[in-house]
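Two complexes, one shared chain (subunit A), two partners (subunit B, subunit C).
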Partner chain A sequence: MNHGRRILWTRVAFIAGLVGLLEALCRLHVIKPLTMIAPSQMVQELIALAWSGELAEPALQTFIEVGASFLFSVTVGGALGAVVHALPRVRRTLDPLLASWYAVPFFVFYPLLVALLGLNVLPLIAIGVVFATPAMMLSTLAGLDRVPRVMHKVARVHRLSQLQEVRLITLPSAAPHLFTGLKLSFAYSFIGIIAGEFILSGGGLGYGISYAYESFETPKMYALMLFVLLIALVANGVLHVWDRRLARRRGLA
Partner chain B sequence: MSRLTFNRFADSLILVVAILAVWVGLHAYAGDSAISAPATTFAFAGRLLVQPSFWTHVAATMEAFALAFAISAAGGVALGLVLGVRRFAGDVAEPILGSLYTIPKVTLYPLMLLVFGLGMSAKVAFGVIHGVIPIMLFTIAAVRNIPPVLLRTARALRLAPVKTATSVLVPAAMPEVVTGLRVGFALTLLGVLIGEMFASQRGLGFLIINGINNHDVRMTTAVTLLVVIFAVAANSLLLAFDRRVHHG
Partner chain C sequence: MPTRKAADAHAVLRGVTRIYPGGTPVHALGPIDLDLAQGEFFSVVGPSGCGKSTLLDVLSGLSPPTEGSVSFEGKTVAGQVPEGIGVVFQEDASLPWLTVRDNVAFGLRHAGTDSAEVDRRVSYAIGFMGLQDFTGAYPSQLSGGMRQRVCIARTLVLQPRLILLDEPFGALDQQTRLLMGDELLRLWRETDATVLLITHALDEAALLSDRVGVMSARPGRFIDLVETSWARERDSRIVSDPAFGTVTGRLWAALRPESMKAIGRPQP
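Showing the complex of A and B:
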């Protein structure tokens, strides 16, 4: 525990040092103000933006899109993973597709999705789903593969019903991998959607950044970039802590 | 044995036919203004492949990609080895790297342009920020999963640090590192293409964004097809190599 705390504080100090260095470089104009504003100014700018209410609308749009994409990919990806796991032939057929899924640069399909779904939030959610679902599917497959065979035998010995087996045996054994799937689904939904907003000019935080950049509003641009960074950090931190807690519980059980 | 190969072949065939069917369906639904039909696209791609001007774009992309991947691979593996061996530093760094991996890196593109300017170096930098982190993360995990007895043996034999790295760490960590390089390969390509879409007048990414802006659907679809074929082919080769080092 003590060791863990030492790691945490070193990490905090390291990040604080980097931010401090950046602050100094910007304040001393080693980095030109046109290139980058100091971190403290980014924070001020972000607070001003939030206070004026300008932040609320794009942030809300992005949150709704990411939430929709995340929920959809987790449920559909999980379900598809379970179905494909039960059908080895289908799995073998899909294997090359899944293995090279993330080698395909998907952002090139944005214009196609706009043509299919119209110029609204749907293509943005769709790109998040396309990006995130296979990750959940692959994690589900990996999780189900790692349920020890002896556990299924235990279930049969105890005459568990199908539902009980899933609840008491399959889910707990596959949990670490499913959790990785959740983490990846969130990350990929977030990345896909922000990138989509950026490229398609579809509103939301990504569009806000590209608009601020094109109209030379450098401070606003950095404030929004900081906000996106903070969301990613907070979400990651929460999932990291939750993962640790689950791992500890497994250790105790 | 031959029956198994035949089954594999049949499975791949079914997959290809299914993808083509989806493509035809999309074309039927969305029309020529969104995506061109498979036959037209293949014909157009075929014509592109014999044009010298197309190959200068390919060369521009490949040059940036080769440079970016070389930097990502060398930097990622080297830093990953150090952070993997130094347990404390690794523990401090890993969640930071994980968070950096989650950031939508497209948002950093204005920063990249401001720092590197338009052109080659921005493209390469974009590829590197996409590719280097997964390679580092895989390498750290690879080093940590090395059985401790190997490292104790190295210490017992009093190997110098460099000798330990070349004859113990690298061979033992190799399979996982190859997986990391495969993931990094795909992401570096993605990063370079995104960089070209915004920060360049040359390369395949530029052809795609130019096609989008000029409503040249055939060009966009054909270049996309060629990029996807290249990415999938390269990934399959690396995957085969990956499986060999894992089981060899």
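Showing the complex of A and C:
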């Protein structure tokens, strides 16, 4: 077994151990059922929710919101990053704003967003976008900053057009940072949307968890939490595999 | 200064200066006149910051001269790197996301060369540079010297008629540099290209070149031209020739006062 695989199995064993411990504590009533249900019950409850069709609507709403926020953030954040990179004066002006971006509690602007965009999913998507766009923008800036100057000379020596230079030199060269931007944008979109639904919305998985909590539907609440956790794990896993593939293409994995 | 007005001048610089604009404009180079003869191996040595790399940028078309003119094969070099000029940089310019083979093929593929020809030329260049066991490797899996060989191979496949090298062996140890120098001489003989090598190593310049131009401290001008008179068939064993010491001694005699100036200690 190679080193990487050994680490993977150690990680899996650690998580399985924690889940097993939680299962035992719940089954032995060390943790009371009103506080938390056993992981196996969470799975059963989640399957039941999915089977009944009750999960489909909130899940679809959340997926659409996260997807829209992610796509918008990546596109706009990437484009803004490229534009700001080309305009050093604008960048000097924006740098302190971007650095303190995540210190602003954007949820307080929800009423304003509702007034501007209406009482629908758009204000929530906007919150996701506000969270995720700067991450993509900063990653794009970092990626473009780190394209070695000699790469631009290589492009000129090979008489590449500007578009060819972007496609064949700049983007591949900046790819690791752009990929980090994708990962962060997804994470921030997801967190922003779920948190927004939890606090402000009348639909989606976040709202479902909040509603179940307030109406003492503990099993349903944990099932939905497990589902959110699984989505995060699967998305992170997919991005991780993609990241490793990218690294392997550079001989780094 | 070091102008050999040969009838077969391959590249010509006339009154070339380069001033970098800004709050305090920096006069980096010139005025410089230079005629590179077809098939000649010309090296440039000079103190740090004297404008050697600027000279290469101007000659290749990567940077425009502030004054003067540059021509290659009778055509003015302006705005872009002309077809027929290949450049090897001091920094690692291998493309980390491509394998050795794809790195070497990069220029040919984007020049629209047909795939059979790409395969033929790439295989030759890879074999020539001794990289045949590493075709599927990525640059991160290679040593600095091998990455530089990849870059040279990438230039070689384009069959340039003028090869410009900007301190290509600067990051390598002495033994590897000597051996890479031999490879470079072999490449020069086989391709019959004109070569301009920028280097800070006097022994490298003396070993490899037909002529060596010695530059002054900034703004760089040629202050001496040393002809080596080596046979075309030569390699690194020439370092044991007594004439080698004479050449390097002459280069250092010309360069020492300029190097002193460059570090702020001009000779009285």
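Operating definition for what follows: the second predicted complex is superposed on the first by the 250 of 253 C-alpha atoms of A that agree within 3 Å, B and C clash if a C-alpha of one lies under 4 Å from a C-alpha of the other, contacts with A are read in each partner's own complex, and residues count from 1 in each chain.
Please note the rule applied: a contact is a pair of C-beta atoms (placed from the backbone, for glycine too) under 8 Å apart; a residue touches a chain by one contact, two chains touch by 3 or more.
On a predicted model such as this, the values are computed, not experimentally measured, just so you know.
Trainee: What is the contact status of A:221 with respect to subunit B (first) and subunit C (second): first, second, both, or neither?
Mentor: So A:221 only meets subunit B here.
Trainee: Go through the superposed model and pick first if A:80 touches only subunit B, second if only subunit C, both, or neither.
Mentor: In the superposed model, A:80 contacts neither subunit B nor subunit C.
Trainee: What's your read, subunit B or subunit C touching more residues of subunit A?
Mentor: B
Trainee: Would you check which partner chain A:153 touches, where first means subunit B only, second means subunit C only, and both and neither mean what they say?
Mentor: second
Trainee: Let me test your reading of the model: by the given contact rule, A:199 touches which partner, first (subunit B), second (subunit C), both or neither?
Mentor: Only subunit B is touched by A:199; subunit C is not.
Trainee: Which of the two partners, first being subunit B and second being subunit C, lies in contact with A:168: first, second, both, or neither?
Mentor: second
Trainee: Going by the contact rule set out at the top, does A:36 touch subunit B (first), subunit C (second), both, or neither?
Mentor: After superposition on chain A, A:36 lies in contact with subunit B alone.
Trainee: May I ask you to decide whether A:99 touches subunit B, subunit C, both, or neither, giving the answer as first, second, both or neither?
Mentor: first
Trainee: What part of subunit A is shared between its subunit B contacts and its subunit C contacts?
Mentor: Residues common to the subunit A contacts of subunit C and of subunit B do not exist here, since the sets are disjoint.
Trainee: Which positions of subunit A touch subunit B when the two form their complex?
Mentor: Residue list for subunit A touching subunit B: 7, 10-11, 14-15, 34-36, 89, 92-94, 96-97, 99-100, 102-105, 107-109, 111-112, 114-116, 186-187, 190-191, 194-195, 198-199, 206, 209-210, 213, 221, 224-225, 228-229, 232-233, 235-237, 240.
Trainee: Using the touch definition from the top, list the residues of subunit C that touch subunit A in their complex.
Mentor: That would be residues 60, 62, 80-81, 83, 85-87, 89, 91-93, 95-97, 106-107, 110-111, 137-141 of subunit C.
Trainee: Which residues of subunit A touch subunit C once you look at their complex with the stated criterion?
Mentor: 148, 150-151, 153-154, 156-160, 164, 168-169, 172-173, 175, 249-252
Trainee: Which subunit B residues qualify as touching subunit A in the complex?
Mentor: So the residues of subunit B touching subunit A come out as 8, 11-12, 14-15, 19, 26, 29-31, 33-35, 88, 91-93, 95-96, 98-99, 101-111, 114-115, 183, 185-187, 189-190, 193-194, 197, 208, 212, 220, 224, 227-228, 231-232, 234-236, 239.
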